[in-house]
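Both of the next two complexes hold chain A, though its partner changes from chain B to chain C.
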Partner chain A sequence: MRPAVRCFGLAAPLLLAASVAHGIEQGEPRSGIAFASPETRAMQADDTANPGLFWVLDGEQLWAKREGAAQKSCGDCHGAASASMKGIAARYPAFDDKTGQAVDLTGRINLCRTRHQQATPLPHEGKEMLALTAFVGFQSRGLPMAPPADPRLAPARAQGEALFTQRMGQLDLSCANCHEANWQGRLGGSPITQGQSNAYPLYRLEWQGLGSLQRRMRACMVGVRAEPFDYGAPEFVALEAFLATRAKGLPVETPGVRP
Partner chain B sequence: MRRFVLLTALLLAGPSFDAQAVATSYEIEGDAIAEPLTGHEGDAERGAALVADRTLSLCVLCHSGLVAPVHMQGNLAPSLAGIGGRLTPGQIRLRVVDMKRLNPDSLMPVYGGVAPGARVAGPWQGKAILTADEIEDIVAYLVSLKG
Partner chain C sequence: MPRTLINVPKTAKAGEIVEVRAMIAHPMETGQRMGVNGAMIPRDIVNRFVCTYGSEVVFAADLWPAVSANPFLSFSLRAKEAGVITFSWTEDSGAVHVATADITVT
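Coming up: the complex of A and B.
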């Protein structure tokens, strides 16, 4: 009996102390790039080495391409992206009046396609959507994440926070178990990080390609052996809305690079 | 003293599961399960291989002090080096079977029962992470770590 009592006397308070001492509320939000190797950091910082820039360049082409029955390009409505799209990614997800729901950048681009271009929605992880979101996100690079003080986003943010703290999957772990209580730890060999959303879409070396924030969240859900939400599901938009509030002040890094 | 039912994997699930449906009951005394779940002791060598398996047992994702390369071990949990000198076999067994019985907020998954987590993905639904045999092999290995 004694050793066990001693062990729990030690281990449980230690874990508790860890979550109190390292909770993100107390400190500054820290980008995932701060946990990456010098090589990965250098790759993200150098536009000639960052593979994500290929998607940004593709997105620039798509911005000017006339689409759908309306035969309009993004640029026909919005003009130069360098002016009109600056700061947009830093404040998404936003509230859409017509649907009365929170919408993320991917959702907004598909709303523009259906409403204004009279074109079909683009697949979530398709090359074109990733290129457009990378291009739009790139226009905010370096600007601080600035989730708007819009009370209509409160329900989505609250739902996102509830999902973030819910234990799930066969391993019975919540996002917060790792990204709040143990963000300074290592899972196997990988730094856990705070799970910040400021660099998406990003190039992941493991993927050998660009992927969205939802793809990353699906990977974490599959990791705990939970059934991931579908791409574009309201639950994922809610998680994104909550993650944006946690990321407040971090610079947009799109397109980031991660291991 | 109460009896609990340990559900181990039903068949069909691929190589990580026993080809038999087993329901084992076990007795918890204090903070230990004194008797092997399978009625006999496990194989420490197989246990060592299981513990190092990042995708089946997942132990090294959180624990250090095990057989895996150091750079692949996590640090979310106490080191298991010398655990066999600190805990009795029965104490180790209960911790692997159901740590949450001792600490409901523990990070450690329940290995010998069905997960209480939401949205358990299809292939894992209603299944324990490890079979009774696998747990006994792991217990035998941990007992041998006298450090």
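Coming up: the complex of A and C.
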């Protein structure tokens, strides 16, 4: 993350000087892949070149693995993921009745682990959770992001929007300063983009591996020298709930590829 | 056994030039990175890749620590006769991972 800190530091004065805002409300939401190089786009589009598929294949195996005191696999309850999980990732985060809170896909899978498999929750950024979220997300690939019209999600979305527009960190920048006001600009030579959430978890070349949306947001927060929220924090779920409303209609790309 | 993804056309015309792709899930740990408590993470890379078509080596490459994780290789070969195309990746430890694909030539 060090290089990111350095280049954000250099770019901050430029960002602050930019006065013309190009809010994305003026145009269509645009996926991060539209800003990527032809090589990166080709890598994402080809399942024999997209390394994210390794996680999808691992997830397929985990789907069938019996776990916990209940000795049940995901498939024992949900059947074939190609049918039962189709479209699910496109409408997450969703509202969970039992906890009365918004949950993202990672949170939901951990609820199934604890509630239904009587197993321990999986670490957020561990190989297994990334494989399961990649596999479940993959079943929605190509479907439009469809945040549910559930009024119970309104508080989380409002909190997410407030966090998105709140300045933070030593560089005193909000997410919106970059991803709303300057998404057509560049930072340290790379496109800033709209910061859309439709391709996660995704393979980032810089990470040399797959990572979650929260890992990406943590990187942005560290970039402005803010203290990032913990993995799984309600603030991150709220941001995800807000990001999903911004990404409405964009095709799910899981597993995406980004530089 | 790390996962591999290979792509070979199932059929080709005799003499046709076909594209072949091969990728292996591998950390390609360079040996230059520090882990917890400042301890060096030992080097662990795939250092050799060989593709054979029937009994003939048609493509081979040495890989070095600067190659990214999950290395992807793409090359072309000329379809001659029906046979097995074998891909093998050799790790620093000496372990060899093999994947094969059949090609039918018409």
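Note that in this section the second predicted complex is superposed on the first by the 238 of 259 C-alpha atoms of A that agree within 3 Å, B and C clash if a C-alpha of one lies under 4 Å from a C-alpha of the other, contacts with A are read in each partner's own complex, and residues count from 1 in each chain.
Here is the rule we use: a contact is a pair of C-beta atoms (placed from the backbone, for glycine too) under 8 Å apart; a residue touches a chain by one contact, two chains touch by 3 or more.
Quantities reported herein were computed from a predicted structural model and do not represent experimental measurements.
Participant: In the superposed arrangement, does A:Leu143 touch chain B (first), chain C (second), both or neither?
Facilitator: So A:Leu143 meets neither chain B nor chain C here.
Participant: If you stack the two complexes on chain A, which partner ends up touching A:Leu53: first (chain B), second (chain C), both, or neither?
Facilitator: The second partner, chain C, only.
Participant: Using the touch definition from the top, say if A:Arg186 reaches chain B (first), chain C (second), both or neither.
Facilitator: A:Arg186 sits against chain B, while chain C stays out of touch.
Participant: Looking at the overlay, what does A:Ala226 touch: chain B (first), chain C (second), both, or neither?
Facilitator: First partner only, chain B.
Participant: Report for A:Leu171: first if it touches chain B alone, second if chain C alone, otherwise both or neither.
Facilitator: first
Participant: Check the residue A:Gln208 against both partner chains and state whether it touches chain B (first), chain C (second), both, or neither.
Facilitator: second
Participant: So in the complex, the part of chain B that touches chain A is made up of which residues?
Facilitator: It comes out as residues 30-32, 54, 58, 60-62, 71-78, 86-88, 91, 100, 102-103, 105-107, 109-110, 115-122, 124, 127, 129.
Participant: Of all residues in chain A, which touch chain B in the complex?
Facilitator: Counting only chain A, the residues touching chain B are 1, 3-5, 7-8, 10-12, 15, 166-173, 177, 182, 185-189, 221-222, 224-228.
Participant: Touching residues of chain A toward chain C in the complex: what are they?
Facilitator: 43, 47-49, 51, 53-54, 57-58, 205, 208-209
Participant: In their complex, what parts of chain C are in touch with chain A?
Facilitator: Interface residues on chain C, with respect to chain A: 3, 5-7, 21, 23, 25, 27-28, 68-70, 72, 74.
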